[in-house]
Every structure is written in C-alpha cells, then in structure tokens.
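The structure under discussion is supplied below as structure tokens; questions concerning it will follow.
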C-alpha cells in the first residue's frame, strides 16, 4: 500500500537563545501509521512535537498538513484541522468532573462540525478508554493512571486525524500499560498515531515505524527491527 | 440549574421586597450599592472567572460615566440615549484596551491596565474645560428623567438601580453557566491546555474583557444619571482598586459575591467613617496621648487592612469559602 | 534669515533650557535611587511592590519628624537634624519593609498576583497612617546648608547640586555592593536560581527580606534628599511610584544600567517638559509609553528577553 504523506516537516530548526534544540531536514508522517519517536533525554522530542502542533513557532522551516502549509498557523487552528496533542505532564482540569473534562474538546468538535450530540461524543470518548462509569467523578481524585487515560480521552473527543501522544505510559503500572497498548491499536484504525515513548517494549509492540532523535537531529529511521539492530542508536542510548 | 435560577430569583425578590422597609438614607445607600455592585459584577467576570487581574477598570467606569453625562450636559440627549452612549464608549474602550493589554499576562497585564487607566484619568484632567476635571459637574434634576419618571426620586432611583443590577446578575449567571463560560474558566485553570483543545484563548479573554468593560460602563453611566454627578475621581486608581476589594471580599468566581462584598464594604466604611475611626482617633489621643488628626478620615486604612487580610487568609472570599466548604453548587 | 524662525514651536531662552536641564538632572538623580530600589526588588525577588512610593513618602515624613525633633525640641542646627534624618529615616523604613516581607510576602510565597494585591493594601495602610499621624498638610524641611552656585545665567542652589553628587555616590555604592561584595553575590545568586541557592545553604527567605528592605531604604534615602527641595506630604508617593514604574519598565526590569539610563532620560525630559510645557500632557504620554513598551517590548529597552 503506498504511503500517503499526512504531516511533513522540512528544514525544521528551533533555537532557544544559543541552543539548537531541533534541527531536522525532513520528516514525514504517513496517514494511518503508528510512528514512535524515541531518543535519549534532551534529544528534543517534546520540542519537535511542540513545533508540529504549534505550541511554539520554528526558527526556520516548513510544516505541512495534508498538503497545506501550516507553518504560521496558530496551535488552536491546527487542532481544529485535526492534530491533537496530549501533554507529557498530565494537564487535565483537576477541579472538573471527568465528563466536564472531555466535554470541552467534544464541544469544540461539535462547534467545528456545526452540530452533533455533545453528550454522546463525550461519553464515547470516556467509554473508549474505559472510564465511562466514572464520568461524574472529579478528575483530581482519580489515580495517576486514570488521569493519563483521561488525557487520551480528551484527545479522542476531538475526533482527530493525527493523535500525538507525549510519553503516555510514564508512571503507569504494567497492567495499565498493556491495556493502553490495546487501546492505541484500536484508535490507530481511525487516526494516525505519533508517539513519544521511553518504554521500549511499548514502542516495539506498537510502532510500525520508529524515528530516533539525538541532539535535535534524526539519528535513524526505520522499522522496529532495523532500529533495534542499529549500532548508532545503541550507542546513543547506552553512551557507546 | 433550577437551584441557580431559584437562588438568583430569591435575591432579586428580596431586594424588591426590601424597598418599602427602608428609610430615605438607606434607600440612597442601597441604590448606590446596587449600581456599584453592577461594576463589581463586571469586574468579577474578568477577575473571578477569566482570572485576569485588571488594575485599571476605573477607565471603563469613567468611560460610561462621562460618555453618558457629557451627552446630557453638552448635547442635551435624553437619559436613555446617553446611557447607551456611555455603555458604547466603555465597550469601545474595552475592545481597544483588550487588543493591546491581552498580549500581556499576569503582572504585565496588571501594569498595562493600570497605565491605561492612569492615562485616561490624566486625559480627563487635561481636557478640563469639557470635563471640569476633579471638580466634576452635576446633572440637573430636570434632565434626569426616564420614560417620564423622575430618576432623582428615591423610590424610582432604587428600582432603576435594582433593574440594572438584576440585568447584570442574570447576564453574569447566564454567561458563566454557558459553554463560553466553561471555556473561560478552563482557560483560567490551564490556558495552554485549552489552546491545544482547539480554542483560541485570546478570543475568549477579549470577550470577557469587553463584557466586563461594558458592565463597568453601564454602572458608570447609571451612577451619573441616578446620582446626578460626574467627576474625575471616579477615574482614579482608587476606583480601580475598590471593585477588586469588593470581589475579593464577597468571593471571586461567584455570581453573588460581588453584591455581598459591595454591601459589606460600603457599610463597613460608612460605619467606620461615622463611628469607628473617630472613636479610634479619640481613643488614641486620650490613652496614648498621641495626636492623630487624620485618623477620623482614614477609612482607606480599612481598605488596606482588608486587602492584606483577605489575600493572606481568605483569598476565596466569603461566598467562595462557603462554596468550597458547604454549598458546592453555588454559581 | 534665521533658521530658528522656521521651527514650529518657540525655542526657549537658553537660560530656561539650562534651568530645565538642571532641574531634570536633580529629578533624575533622585529618581534613579528610587527606581533602583523598585528594580532590585523585582530583579531579585520577582515581586512588584506597588507600595514603593509609600516607602518613599515615609522617608520624607520621618525626615520631617526627626529634623523637627532635633531643631524644635533639642534646639540643634538644621544640618545636624538633616544628617541624623539621612541615616535614621531610611533605616526605619527599611525595617518596616523587612517586617512586611517577613510577615506578609513570605506567607504568600511571593506569588506575583497575591503580592501585588497585598502591596496595594500596604500602600493604603502606610498612606493612611501617615495621614493619621502626620496629617494632611505639606510641611517643609530646612536644607542642611544654603549656598548658591553662580552659573553663567543664574545662580543655582548648591544643595540641589549636592543632591546629584550624593545620588551618584549612593548609586556607585549600591553597584559596588551588588557586584563586589559577598552579600551582593549572594543576592545575585538567589536571583539567578532560587532552588540552587537554597541547595547551597543560602537562606533565601532572609536574603529576600534584606533585598526588600534595601529597596525600600533606597527610596527613602531619595526622599530624604529631596525633601528640603519639595515638601513632605502624605500623598507625595504617587508620582515617584509612577515615574519609578516608567523608569524600571523602560530600562528593563532587573537591569541596573538600564534603570540609571532610563532615569536620566525620564528625569531630564520630565524636567524639561515640565519647565517648558504642560506637565499633565507629559505624564499622559509617559504612561502610554510604558503601556506600549510592556505590550510590544516587554523586556524593556535594555533588558534581555526571557527565553
């Protein structure tokens, strides 16, 4: 099956003062794939993904989504186009109920579609991650694992085309991680997944393609098997 | 939802029922309080719900006051039209200030609003020949009629103020419980997150600011017309700090907090100026032998102390604390 | 054909211009001290002290009390009273500020918005206490010495010139303390990275208290210097606060050099414009300028942009 480029970045550079955090010549995310972005700490993964979803502007470079140049498009418009992002540090609204949390993005989708059943959409998102029965409970009272799931549900409620997950399994128990992998495989049937992860088993289980970042640059790209065998990647992770 | 409607309805009904029981003195007081509570309610939308601390709201109050009063005095407009003009002036000011000030956050926003308000105050003083500066000007009783009713009559004035407050209260309640209101509160909690949920935070903050400015302007215009006076002091820093105090005291982020805060502070200051401060001054003089010539008029001292105590020990204010501890559904 | 005839406004007589510049320099000197206090507090503690003008006012009012006691009660000469006031008033103001920091600001954990509200409250408390015990009148303080310096067009007050000299000395002293002494190093370390400073055993709370006290003390010294020229009045803190804000924001919050340069600029232009033209208009333009700088260039004209 021919790969269809969905989200591309060319000549993407981000400088913070004197530090070059990201320097990527070319990156292509294809429609429907599950792509993992891995790399040692400080490799620029979150910054890279932040550039893609518009949290901050690039120093130079072009970003395109489904053929459309979105380099200067503000973040909230990219979300409206279909790029959803879940935060590395859990950013749910603690004082609100689980339902109210997913109702916010669901409401946005309803507004963008010009109609739709808010309640149904919100409950469907909660149901997808297995939290539907807790809809009325307060978010801050939930376990950490459940809050991470709520983050994912909030992303799902937007009905995105691309779902970007930033270290989603961090802090989860093993059983929760296994459930998470199943969930993502399910979601991948309707959305492209871009996943930043440190947990190698999860990466190997889920990813169809892996991009390895180091020092803000692409070190290697390929299938899980190819990456596993790549000497340069091993060196970067283990300090050679 | 039903409880919310009932609660607000009861408060408004109580204010209506209170009217015949009031003395002339308290009639005037409560009319004043209700108009100022409209100002506070507007301020609360920006501060309590959107989480933006403005230190320059007096400019919107004054925009309404002068926009209205000058039309009556210089162009001899009717009260109704002048009132609309006042609100319009405040709304325009809100839009202009919003587009500029909302590019800043936190402390920057506070200082920018403070600076704009200061510039507005100085401009009013500068154009002395039209505005009569600090001295201000009165609006003759003959001009203060609305639909044939004399607004300087204590009863009419009371109900006019009440009608305005009721409108403001209902608007506030409707906004905060609406979809846009929820987004606003979420922006206050975590703006970045809301942006990544597809909302443009700027648009919502601007709406909150313009609505807040409009309410402040309505209060200013009403004040001018109901009490027959416009003066530059209402554009001064003090009138930017007072709504902050009223909202902090009553409970930021609650619909009825502003009214409660305004009522309490008004009567506290009134009582203080009349009884407490002079008594304190006498006490200081007799007990400690220190002359305290200014203490009797230093009611602002109470404002200062109240602000410090509130921010230290009770930042949620009265109704905010009630909501946290006892009545979680309080709007 | 005189080119000067084509100017759209009246050029003032050179003497007036010089007088305006001199007045501006005196103003700038005191403003630099006052604004420096505000700038240090923000630079190191990240706190905006809205009551800063009231510390200034307290300095002047206390100076009056001290000189009044010395001259009227004890019968000492003006210079003695002034000398004592110059030391005592800033110390008392610094002590009050330190206490405020310890009791209030520390409890608020230096949260930016809460601190501003608290300092607004403090503003009213200090102002109204001054009104209570000092009263609503403006009272003069006698200058410690009285001689005139003869300049080409006019005689100028020697005391005013000495104010400028004193301000320069004090600014240099502060600069030396901040850059050359251990306590200055400690302050700058705390500014740079609060957590690391704490990890190294620096008592950040106490440092903050000293910094806050220092900031207030600088404002008070400025006020004591200026009080023989202006009078002491319980509302005199408003203008210095506004001007200090303007200076600090234009110069970049936390930048010492920027503060001094901006103070010169503001002081001179304010002195010039007030002498020659309408002061209210100048203030309007100045406040709008501050607002626009904050909106479009929040790092000020000299400060470094936060990453």
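Labels A, B and C are assigned to the chains in the order they are written; within every chain, residues are numbered from 1.
The rule is short, and it goes like this: a residue touches a chain if its C-beta (ideal position, glycine included) is under 8 Å from a C-beta of that chain, and two chains touch if they have at least 3 such contacts.
Just so it is clear, the structure is predicted and the values come from calculations on it, not from any experiment.
The most distant chain from subunit C, with centres taken as the mean of CA atoms, is A.
The highest number of C-beta contact pairs joins the chains B-C.
The chain occupying the central position, as judged from C-alpha centroids, is B. Centroids built from CA atoms put subunit C at 32 Å from subunit B.
Averaging Cα coordinates per chain places subunit A and subunit B 45 Å apart.
If you average the Cα atoms of subunit A and of subunit C, the two centres end up 51 Å apart.
Residues of subunit B that touch subunit A in their complex: 179, 182-183, 186, 189-190, 192-201. If you check the complex, the residues on subunit B that touch subunit C are 53, 55, 100-101, 103-104, 106-108, 110-112, 115-116, 118-119, 122-123, 125-126, 241, 244, 248, 281, 290-295, 297-298, 300-301, 303-308, 310-312, 315.
Those residues of subunit A whose C-beta lies close enough to touch subunit B in the complex are 53, 55, 74-77, 79-80, 84-85, 87, 91, 93-96, 100, 103-105, 107-109, 112, 154, 158. Interface residues of subunit C, counted against subunit B in their complex, comprise 48, 104, 107-108, 112-114, 116-118, 120-129, 131-136, 234, 242, 245, 249, 278, 280-281, 283-284, 287-288, 290-292, 294-296, 298.
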